[in-house]
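What follows is a set of structures for review.
After this come two complexes, each holding chain A, first together with chain B and then together with chain C.
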Partner chain A sequence: MPDPDERPEKEFAEEWRDAAYNCFSSGHKFCREVCPVMQVTRNESWSPTAFHANVVAMEKGELEVADVAADYVNCTGCGACEVRCPNSLFTGDFYRFRTRTVDLVKAVRGLAVEQGVHQPGWRRWNQLTDERRHEPVLDGTPVDQGRVRDWAEGLELPIGGESILFVDCEAAFVRTSVPRSVARILSLAGYEFGLMNEQWCCGGPAAEMGYDEQARRFARHNLDDWRAAGVRRVLVLDPHDYITFTEDYPRYFGDAYDIEIVLVVELLAELIREGRLTPHVPVERTVTYHDPCRLNKRKGVWREPREILRAIPGLTFHDVDRVSQWSYCSGGGGGLPVEKPELTAKISEQRVGKAAELGVDTLVSACPWAERPLSDAGRARSIDVVDLHELLAESLGVSP
Partner chain B sequence: MTYRHQEEMSPPPARRVTDVAITRFEHVYEVEPALMTEHVTQQSFPNWDTLRLVRSRADHLAWMHRHFAGKVISGEELLHDLDE
Partner chain C sequence: MTVLIGDPVLEELRGILGPEHVLTGKADRLNRARVPAPFPVHRWAERMPDLVVLPASTEEVAEVLRLADALRIPVVPRDGGTGLTDGAVPLRGGIVVDVKRINQIKEIDLGNRTCTVGVGINALKLNEVLARHGLIYPDDPASYPCSLVGGRIGTSGWSLIGSRYGHTRDLVLSFDHVLPGGRVIHVGDGIGRKITKSSSGYQLKHLFMGHQGTLGIATEATLKLFPKPEAEFSPFWAFEDYDSAYRAVGALARAGVATFAGAVLFDEWKVDYLRRDDEAYIPQPSSVKALVCAALYGYEDEVRAGGRRLLRIARSLGARYLGDEISEGDWAARHDRYATPLHGRTKSGQVVPMSWHCEDASINYTRLPAVRLAWHEIAARLRRESDVFDDWGMFAYTNGATGADYLTEIDIGIWEQRLDDTAWAAWVRAKRDLAAVTLEHGGSISACHGSCREGEVDLVPEELGGGYDVMLAVKRAIDPNNIMNPGKYLLDQAYAEEP
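And then the complex of A and B:
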């Protein structure tokens, strides 16, 4: 029998016990009703509270990671539970100690993979990503290194330079009109930028599904590529990449991480404020805005997308405030659509249902990963799902 | 707006408020860090995270008011009612 003190779960629990007890000793479940997975499943084993309680059980030797690894699939990494938890919202900044459900879920997934416990969909997804250097975004879409800059054909963007635009796998291979719109808008404002020499996937999805070694390897490649080309600033249009570059990369590289990260939505709002961009073509739509979880809940970015929407003439904008949207999610994050597409679909249907109650014809999204499940759900209710960057481009009179 | 790692990990200098509390950002109070070195140690807290929580709290309290507060009563009025 293995020495109980040398169990990997024991070692893991040593690192995570304080964060886990922070929840376990409170257990008040303010997080439950804002959790999108909980909303559509009512499964207590898939609640933020359970994710923390399991660590306590692991510490006491009552549980092995193999017993619960599949439960940890059921999280989109939306961050609602963290921000709604009183131990973050009311005391987190005071103690410099807050609820860490998102990081914990990632860490348990990492522990599972380390122990050889794989989820079949995630394993395949990451194997393919490792082979192709990019996520296998949509069956049938050719994804390979030779095509990563195809989206920019004809735009005559330089390679390298002080600022580069990083385009996530979904946008680079499937939603190519999104990065094209962003590139056209930035050029219109006279903002200089180039493209990466050899862009690989940011590594964030691998990190979210527990494939840590792969995530770090991909991150290392990208950072080395930036350094070799003298890049100082990375412009990011995808909220998921923004999290990876501002949370994962700093953890991997520490003080040596000296690259500036700029969120494109924030940059565009600033360019409008400065008068360098003036939307003038009316867009006759009745819209509401979907706050991407990774911007609103996890980063506190919610003003700028609304500023952009309010600058577009012709739009009728039915806004739902950012706090109400803490309980909204597309279901597209955290690898959930890879393992449990049916749950993603349910969460998206619920989100689009909220939009339908407002009587809008369009749901504006600012996240390429949210867009696909939201669009699927939108079709059933005749609600268009439109990307914010593309909407702005339309109003600026530039076509992708 | 721009994320710079070095800046994020360098909080403004602390000013003591009481024996057990300090402040770094205006109107934001923190426990004296020396009190959190033994039983529970503090987490790595970039500036953006502190500010995100502070602003989220304010937004959440305003939201609660909008949704649930019928009227706002001052502390003075409450005390007065108790005295009666």
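And then the complex of A and C:
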């Protein structure tokens, strides 16, 4: 029997206790009905508020991390619970407090891995990522270092330079038309950029699944590669990478991390505003926009994608406001599709169902990781799922 | 009761519900013993069920109750688990029947203006769907974004805008109810599902609402719908003393304005509490000691006219209107901003995370000032006894359109991380004393939460008198084996051997 005061759970609770009690005790569980997993499972054990309550129980010696590690799989990291938390909404600024449920979930997953408690799917995923330097994105898709720039074939992009475009694993190996569209658009606007010398996975997925050492190792490699090439600015098209580079990397590297991270959607909106890009080819579709969770809920980026859509001629745009979309998600994040693809599918079905109610023929997304599960769900309802960057490219008359 | 894996009960439940809907994990059980604080968190483990089931239909609930009744296993129904009287907390282990999966919208009947839903649905989520039809289900508790219809039935909930639309008992027309032995009955006005008034037979609907799970489990309910209001007006007014605010709230409630949906009185302690951080109140001059707000709903023309009348009445009683921005913002944020744990303060002023606990009662208008002072005295005693308690002030909300009585609440912050048996005992004593003050003033121990937590529950027999004996007889008749939420409301007495 280990000394109760030296249990890793007790040490863990030291850091997370106040937030857990704040949640446990507020009486409000407003997170619950916006949580995408909770919405489709109705299982309270898998709700954001339970994730906090478990910390209280761990501190009291009622639970060990092994008892709950599998529960913490049930989170897409969308952040809806955080924005809906009354503790952050109305008093957080004053007390400099923010409910950080997504970080808590990552931390519990990290604690589990540290204690040797693994989820089989995640373990395999991260092992393969470690071997190949990229996520094993789709069974059958060849993923290796030699092919990481294949998506750019024929575009004649330079290697290195002050600004580089970082392409996430899903886009680089599966959704290749997305980075190709981005590259064509930026070239059209005369925006100079290159590609990374030796790009590895950003490390974010490993961090989300609890494999912290691996995540840091991958981050170190990427940062060293940027530095070696004199990179000052990294353009990011994937919201997940955007989180990794703006939240994880600064935590890993502190003040020494001096790379400017530019979200491509924001850059494109700016280029349109400045008149350097003018969408002119009408795109005859009736669309609604899916706010990617990591942009809308976690980064507050929701204006620019709408600006871009409104600049595209021919579109009939049925918008759903960003706050209503707090409870929408594709289910594609946080490693959920790796361990529980059936839940991802249900969440995507629900999201596409909301689009269907609007009578649209197209759901526009701006997140490569959302587009696969949403497309699968969209097929059943004859709704096309189209990437915003691709749609813009079409209206600019550049083909991927 | 201890259920062991492989136990025939477990196997049978898995057969009824499917294995994935029978949960035995410790975290699953701990999280079904959890309600808003402060049920004593230091004794959390004592409140755990032995297992949890997640049924998807009335039939599954009925089968579970049939089995539990045959084997005399305690059953505790659970829906949102946001109630403030521990209705959903098991006292004797057993099976928690968590009905959140029963959340489908079965029917929206536009002709009769009703909808029929599984009780696991949340009203906000339901209203997102009803809005497409220009309709609303106006049951609006503080927990509006997370409470569920079944819990509203089990606790006979109270609504902030009940003065206009009625409370849960008025809004729920009828429901399927599973009796402890597993028989399914339909209760409403008469036998109709969509009947709003019947005088046929005993009026059973009220009996099967607010029983805190001691008489069975509601599964599917038919609800009354209203046109989604075109306009809302929610003026907030400031006063220099409580008495002026008290006079004003009474006058507003008695004015008889048809669109009036409710009024709220904030006392000095509440204003002090809000000043701790609330951006709407920090800049207010220190002369502001009490607040009143009112809410009106309806068509634009009628709300405007009613609002003008209320503004005139308030002005004549010395009120200062706080302006549209504060009024609209505060009312819109009413579910979020009045009970956050971050406002806790020790006696020395140190900020500590405290849990919100709201003690409520129904008090007649004329008794509000006296009850208020007596309650704050009890809160002051608590604070003298221990630094884990903090007085967060009082609200009084109109219960109905005529202004007869008010949901009266005192909010106490409790620093749960430091809660121990001594502080808990002081808290239970205080709850009993608060309830005693209520009864001395002819009130009811609870307007909305129910009254089965430790402390207050001791006075329920006194409050109900002969009615409590009827409660015992009803409990024994409906639940002869005492399987439904045993230990609540002192109902074990119903099974005592005759002397």
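Convention: the second predicted complex is superposed on the first by the 399 of 400 C-alpha atoms of A that agree within 3 Å, B and C clash if a C-alpha of one lies under 4 Å from a C-alpha of the other, contacts with A are read in each partner's own complex, and residues count from 1 in each chain.
The working rule: a contact is a pair of C-beta atoms (placed from the backbone, for glycine too) under 8 Å apart; a residue touches a chain by one contact, two chains touch by 3 or more.
None of these values were measured; they are calculated from a predicted model.
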item: Side-by-side fit of chain B and chain C on chain A, or clash; value: clash
item: Partner chain in contact with A:Leu267 - chain B first, chain C second, else both or neither; value: first
item: Which superposed partner A:Arg42 touches (first chain B, second chain C, both, neither); value: second
item: Touching partner for A:Asn87 - first (chain B), second (chain C), both, neither; value: second
item: Partner chain(s) touched by A:His28 [first = chain B, second = chain C, both, neither]; value: second
item: Partner chain in contact with A:Phe97 - chain B first, chain C second, else both or neither; value: both
item: Partner chain in contact with A:Pro250 - chain B first, chain C second, else both or neither; value: first
item: First, second, both or neither for A:Ala50, with chain B first and chain C second; value: second
item: First, second, both or neither for A:Val68, with chain B first and chain C second; value: second
item: Which of chain B and chain C A:Lys60 touches, first, second, both or neither; value: second
item: Identified clashing stretch of chain C versus chain B [27-35, 225-233, 261-269 or 477-485]; value: 225-233
item: Shared chain A surface residues [contacts with chain B and with chain C]; value: 18, 89-90, 92, 94-95, 97, 324
item: Complex contacts: residues of chain C adjacent to chain A; value: 23, 25-28, 30-32, 34-38, 41, 44-45, 54, 80-82, 84, 98, 100-101, 103, 120, 122, 124-125, 128, 132, 143, 145-146, 277-279, 333, 335-337, 339-343, 351, 353-356, 414, 416-417
item: Touching residues (chain side chain A, partner chain C) in the complex; value: 17-18, 21-22, 24-30, 32-33, 42-45, 47, 50, 53-54, 56-57, 60, 62-63, 67-68, 71, 84, 86-87, 89-92, 94-95, 97, 324, 357
item: Contact set on chain A toward chain B in their complex; value: 18, 83, 88-90, 92-98, 100, 233, 245-246, 250, 255, 257-258, 260-263, 266-267, 270, 299-300, 321-324
item: Chain B residues within the chain A interface of the complex; value: 1-6, 8-9, 28-31, 33, 36, 40-43, 45-46, 48-57, 59-60, 63
